[in-house]
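Chains here go by letter, A, B, C and D, matching the order in which they are written, and residues are numbered from 1 within each.
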């Protein structure tokens, strides 16, 4: 059975209260056709994990504006005024994590680690409610893994087995998110036959990919 | 059919379509030869690839493509190369569906001992400890006894590779599942009786009413 | 020369050959325009590249190549792309030689506050907390005062970005190093006296005998 | 100043008692010209960190046979009988680490983490002298970072700024080792000009590379 399916097919996967990880950095590397589909699904009370909440008209930002999100776990929300407004009105929960910590938490979730020790955030508000562990005289925060029900990935070139190449700075959170979610959906900018990709360029092996859809350019 | 062939053939039936599989060296590797044509699995080699194919011969050989035993291998269309960190991310992160390994001892609690041979050199655990902890299903494939002594114990005596990780044991005599209650025999060889199987096994076996013969 | 230009020019003198540098948005980014031609530094953009060049214009634009502010940029011959995990490996792992950031407050202990503006929206720390903890040298580049009030305090009042991480503070009036004893003034603007500088600074300044004028 | 230097130049970098990380998996991905040079340097009492000790006539194995090594940190030593013999005679200290743990320790050293929590090794000899940390009811071992004075890397295609592409299964420990050492030396199988590599294939950015030497094919 081919992994390549229609956007309509994956629409049925989105349910209320799910946790969804979405790749992208200010929208660069986010699959907008997948965002369209998630919006069309009408799924509510979502927990979204991603680097930022992008802009009001782009990527994750559009889900915020459409009131589908209950909670956001991100490193930055400053480029999307709606995120802040909804947060201040008590309509949206925001958990801020330093960017390097956030990606390590996603990686830990995908790589089967119970957590990582980072010096980032020690002595700041970030350490609230976290265990501090001292190794060789240096204090670290124990940061815990993150996982999701679904990952939305954007691939620059994808083969029909799901092997994925990311061009330029579209990589960002995508490769790690693909490891940390139960269902992985890749939006392919260019779709090719398995066996045609340079195997040294593949950052997400098709073995972790469940569905492939077509993204626009 | 020799005992190892029986084991390899029976293990091969456990694989399902689209699974990612990691096979230990030796007997487990043989299982790849007996997988049903309709079942398409992808093999991982922990030194850095998925989609591993057969050993490379003649002009198939590329010196930059080796398996975890250092032999030259081929890679399939669905394959990809990556570094050790990613490879063990796949392993420890639960992305490997099945791993098949040999054992020195296994016990009714699912404990596994396969890395230290007493009195012999300790070769190191390599990737085995991560594999058995991380893979979704751990199958031990081995001869039922060694020199007449059971390798399936009440409690492992040798240093463990991991605690409570084994899901299934497949020998030339039986297919057993590790359950909370103990070792449940799912299939038994036509060549022996239930009593004979128990006599050859140190651990107490649970025999269900619907016990069937092992087909290979 | 306006104050921001003075700061940017003076910061630019801190860069050494072959360094990997990360510049915060705003004033820190301006420093790139004033680096001596003989000094070759490589810029990191934490969203996933080293070797970042100038903003891309016209047919230089590739929509898959953006900086941490989401703008289209170019990449130099020495550049490479990578994911966020690698990017922050470079940052937290001490591979970034210098980072330059703005601040709301900085104090004599090297504490830095630049992520929460009281009473305003909290934008999030982004990569700033990792950068100041990980980079080998942290330079705060900012105006000495805001609305006549010193931004260089005995102890930060705002929520911290990190504790004890700042190595150097460069304002339009002085260059200061954070030492165990406190803030050591290395250079002072010709436009003011030592007493005036201290009067405009909340933290106690250490004035060495060999104090020199700030040259830009 | 160019990073491209002669093997003779890097020979002077090797000193007694150093800790050296060496890439490769049973020798695949190990720079043999760099091993030659390390042997010629005569540096003794080395601590070597790598996946395995290869074979007696290959890669790290040759350093063992030449008695330059005081301690080995590896996941597997079974393919090199000399390692075991020297260990049993008390002439070589061997620290065994599960392969997935070993690479995470190297990564932690290079990525500025204070350690990682892994389920691997719990309930085995591996947990000796290690802190156990329970997260959400699951026990993990706290495994600590590793760093080295020098990393010996083998790159398939390297540009003269040090940007490095690894072909096939030569990647293994190389990319992480390059992040975790004070001095990084890359042995280049093919050397090209900066700007000619595909920037989406570079696994080791030149910014972490100090010296480039030429490896044979």
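FYI, a residue touches a chain if its C-beta (ideal position, glycine included) is under 8 Å from a C-beta of that chain, and two chains touch if they have at least 3 such contacts.
The model shown is predicted, which means the values in this text are computed figures rather than measured ones.
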| item | value |
| --- | --- |
| Any chain that touches chain D and chain C | A |
| Most remote chain, CA-based centroid, reference being chain B | C |
| Which of A-C and A-B has more C-beta pairs touching across its chains | A-C |
| Length of the line joining the C-alpha centres of chain B and chain C, rounded to whole Å | 55 |
| Distance between chain centroids, defined by C-alpha means - chain A, chain C (Å) | 29 |
| Between chain B and chain A, distance of the C-alpha-averaged centres to the nearest whole Å | 34 |
| Centre distance in Å when chain A and chain D are each reduced to the mean of their C-alpha atoms | 32 |
| Chain D residues counted as touching two or more neighbouring chains | 104, 107, 112-113, 118-119, 166-168, 199-200 |
| Sequence positions of chain B contacting 2 or more other chains | 49, 81-82, 88, 91-92, 133-134 |
| Arrangement of touching chains [line / ring / star / complete / other] | other |
| Interchain contacts, given as pairs of chains that touch | A-B, A-C, A-D, B-D, C-D |
| Chain D - residues contacting chain A, complex | 104, 108, 112-119, 133, 135, 138, 140, 142, 144, 165-168, 198-201 |
| Complex contacts: residues of chain C adjacent to chain A | 45-49, 62-66, 68-70, 81-85, 88, 91-92, 111, 116, 121-130, 133-134, 159-164 |
| Complex contact set, residues of chain D against chain B | 25-28, 51-52, 74-79, 81, 84, 88, 96, 98-101, 103-104, 107, 118-126, 156, 166-176, 203 |
| Of chain B, residues touching chain A in the complex | 20, 42, 44, 49-50, 75-82, 88-95, 133-134 |
| Chain C contact footprint on chain D (complex, rising order) | 107, 110-113, 161, 163, 179-180, 193-195, 199-200, 202, 205-208 |
